[in-house]
Amino acid sequence: MLKKIAFQFKQWFPATEEVSAHCDGPCGVYDPSAARITAEAVLSMTKKLVDLETPSASDKAASIAYHNTFARYVAIKEEQAQKTKEDLLILWTDYFKPVHLEKYPDLHDTFLKAAKLCSSCKVEVSVQHATELLEAVHKIHQMFWETKNRDITWYKANP
Amino acid sequence: MLKKIAFQFKQWFPATEEVSAHCDGPCGVYDPSAARITAEAVLSMTKKLVDLETPSASDKAASIAYHNTFARYVAIKEEQAQKTKEDLLILWTDYFKPVHLEKYPDLHDTFLKAAKLCSSCKVEVSVQHATELLEAVHKIHQMFWETKNRDITWYKANP
Amino acid sequence: MLKKIAFQFKQWFPATEEVSAHCDGPCGVYDPSAARITAEAVLSMTKKLVDLETPSASDKAASIAYHNTFARYVAIKEEQAQKTKEDLLILWTDYFKPVHLEKYPDLHDTFLKAAKLCSSCKVEVSVQHATELLEAVHKIHQMFWETKNRDITWYKANP
Amino acid sequence: MLKKIAFQFKQWFPATEEVSAHCDGPCGVYDPSAARITAEAVLSMTKKLVDLETPSASDKAASIAYHNTFARYVAIKEEQAQKTKEDLLILWTDYFKPVHLEKYPDLHDTFLKAAKLCSSCKVEVSVQHATELLEAVHKIHQMFWETKNRDITWYKANP
Amino acid sequence: MLKKIAFQFKQWFPATEEVSAHCDGPCGVYDPSAARITAEAVLSMTKKLVDLETPSASDKAASIAYHNTFARYVAIKEEQAQKTKEDLLILWTDYFKPVHLEKYPDLHDTFLKAAKLCSSCKVEVSVQHATELLEAVHKIHQMFWETKNRDITWYKANP
Amino acid sequence: MLKKIAFQFKQWFPATEEVSAHCDGPCGVYDPSAARITAEAVLSMTKKLVDLETPSASDKAASIAYHNTFARYVAIKEEQAQKTKEDLLILWTDYFKPVHLEKYPDLHDTFLKAAKLCSSCKVEVSVQHATELLEAVHKIHQMFWETKNRDITWYKANP
């Protein structure tokens, strides 16, 4: 099936070499670090939401502060999860080529799972899913740099 | 392989029914018409760019008008192709489920091809690729409504 | 009064035919479906907000999940109501011409009411106003296609 | 006809006082200065585009610089005209009330003309239309502050 | 130290006059009114958040309305504080030149403090900090117009 | 002077430790890699713009392709330079504290110069300034990780 996909792509885009040379993003500058930074922010916001202390109902000022912080953390989590999704989808649809699909048969599943984890991290306040999202980005980091034959160390900004 | 994917998904997201009930977009309102409208705009802008008459080099006012129009049409084409891509990717990553992958084995390829056509329509000024993009959206329209057992007529706003 | 407006427009924009031929959006591709999809999302989110079950105050995890979902639904409702407003205003200011105003004397009111309903749907969580917004879009759908002498069936993505 | 509109509004939004008290923007802070600043930028960019000196065809570096500057100025003009349009439409649909329509019978036309001038300023590189747009904002400035019984001096940031 | 900075700038950007003539924003149209309008909105939203009446826990409709309004006000406060920050930073990095730094030795601190107040107004629901932000914008208004030798009256849209 | 600034900050924000613990971005996740990736894209786009071959005036299709590509590269350069500026300004206004200013007396100048280089890279098509921007980000990378006592290797995605 994978050979068939590679074959079809050559039919669809006969001048594929030329097309990939003029990619629709900032050509040649792909780096999963962007997705790693935003996925770290998703995990950070998720942990902070879980750790927020519920104010006593009678303390109005504390209640206002709590709901202000809660709403902002949810919005930041949403935005960062969305950016993670967009950055991963750019790698998926623009960087990776049929030749990579032959080498990594689980390429589609890896990205689809990561994209769905981005959605889960918006829908839920789940430290588990946010941790899994960061692990999914780690896996993509390794696949990505392997295709470039480069040895780039994985690190976290917020270890 | 497809069964394996469906199996894996159930492992990844055991509470999958519950998750899909709280989807990360405006739940339950999916419609490929959004992608059709923007793909039509891509085709319209592409045709207009091809048809723009080059001004004579000595007519400064005509030259300014030409370059203003050209720059605006390219920017609108870019924006509309990007929106088409985003709308298609939402259908791909959020609406379609493993069960659909079993029914439409070329689901991934259809969407990946459509996404790559969005990129081509940005990179190039190609009436052929813009027409193919609209056809790809038509194909997705048919798959989509088939999964819902609904008979929605395909039409173009700008026939 | 309407004749006066039409007359004034011809004074303001003497080359009006030419101007309308180079409209400032993706020329020629207008379709109220875009506003219908986002108005459906507003109604869907509004219903879901009304139906959300309040968690017991002592269940902290349920409370976090509730507030996360509530904040996200409000944000999606806001965004979709805003997009509806923008799409309707594009039809109003760009598509419709003085000649239409002569045929539909309540054109301005129809659009102003629809725009104000978009605002109400942000300000409130009102199933009634969200339903009225969708009906206003339906009315605009009928006026719009009538001006084009085309018979496009009204449907809902989420019936 | 205007009385009819005012009457209809009271039917549509019986709790209209309450609704206007919870406006969908940052309540109570309306100021046409925002539209004035962006309209000034539209005029400034338009003048600069007209004044740009065409490079000699044989000077490649000058040609690159020229096209870079031209593309940026068009994009800034587009963005500023769009912001002007949005700010004016917020005043139109959110601030002004039926009672104002009774006092200013040409309210709708003033705003519709200003909105159409925003579009013209995108479509064209016209110093005349950009100047008329700024004059339209001036007229709205005067109507607006008159409704508030305040005497706010009109000035230009870039006289 | 300030002379050193001015000297370094001339080394970094020898053609500095030329560069400042082609500024990266809409050249020549700077006006702190934009930041004043958004800072007023921050203050307005902050006051409204403090004044919102907590609904009784047993009144579900009132509770939904309260949380909808609260979430929207926080989002508007966030957006307006962010816009204030952006507008101030444009003045700081684009408008002000080394020559101004010589005249206003506390230029950097004034802007850095104002930028940090924007952040505080997001993080907190503090009428005090929102009031201080508006005062900081007032101070910048006075410095700005002084550099232009113009006498522009400070006013508030929402006094 | 620096001690005075640090002293003033303590006056302005007495509860400064508390404020910095609730920073207005995704707390704790700062990484200059984001600015490095976008600065690399600015350099890449700048080089590609310089290298684009001017089509012969008589070849209309080549001319359309050239202007489409040119306009897109300028837009991508603009967007990436803007993102670089925003990411650097977040580090400047949110991450760095008075205590850092004491250690790095040229902190303000380093960031102001980098911000001005972002503007230059928009205004011009200059390989030299784009290279200097990347070097400025490199310098900030080193200062940043030094403040965290971490040894993070600098690399380029597109060496």
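What to note about this one:
Letters A, B, C, D, E and F mark the chains as written, and numbering starts fresh at 1 in each.
Simple rule for what comes next: a residue touches a chain if its C-beta (ideal position, glycine included) is under 8 Å from a C-beta of that chain, and two chains touch if they have at least 3 such contacts.
The model shown is predicted, which means the values in this text are computed figures rather than measured ones.
Fewest steps needed to get from chain C to chain E, stepping only to touching chains, is 1. For the pair chain E and chain F, chains touching both partners: A, D. Distance from the centre of chain C peaks at F, each centre being the average of the chain's Cα atoms. Its C-alpha atoms superposed on chain F, chain B is turned by 120 degrees; the angle is given in steps of 5. Comparing the centres of all chains, each the average of its CA atoms, the largest separation from chain D belongs to A. By residue number, the contact pairs of A-F overlap by more than half with those of exactly one pair in E-F, B-C or C-E, and this pair is B-C. The mean-CA centres of chain D and chain E are about 22 angstrom from one another, to the nearest whole unit. Chain B and chain D have CA centres that are 33 Å apart. Centroids built from CA atoms put chain E at 39 Å from chain B. Measuring from the averaged C-alpha position of chain C to that of chain D gives a distance of 21 Å.
Multi-chain contact residues, meaning those touching two or more other chains, occur in chain C at positions 22, 24, 57, 67, 69, 71, 75, 122-123. If touching chains are joined by edges, the resulting network of the protein chains shown has some other shape, matching none of path, cycle, star or complete graph.
Interchain contacts (touch definition given at top) occur between A-B, A-C, A-E, A-F, B-C, B-D, B-F, C-D, C-E, D-E, D-F, E-F.
Interface residues of chain E, counted against chain A in their complex, comprise 49-50, 52, 54, 57, 67, 70-71, 74-75, 78, 122-125.
Interface residues of chain A, counted against chain B in their complex, comprise 1, 5, 8, 12-13, 19, 22-24, 85, 89, 93-94, 108-109, 112-113, 115-116, 118-120, 122-123. Put simply, chain E touches chain D in their complex at residues 22, 25-31, 33-34, 37, 40-41, 44-45, 48, 69, 76, 80, 152-153, 155, 157-158.
Remark: chain A residues 57, 60, 63-65, 67-69, 71-72, 75 touch chain E in the complex.
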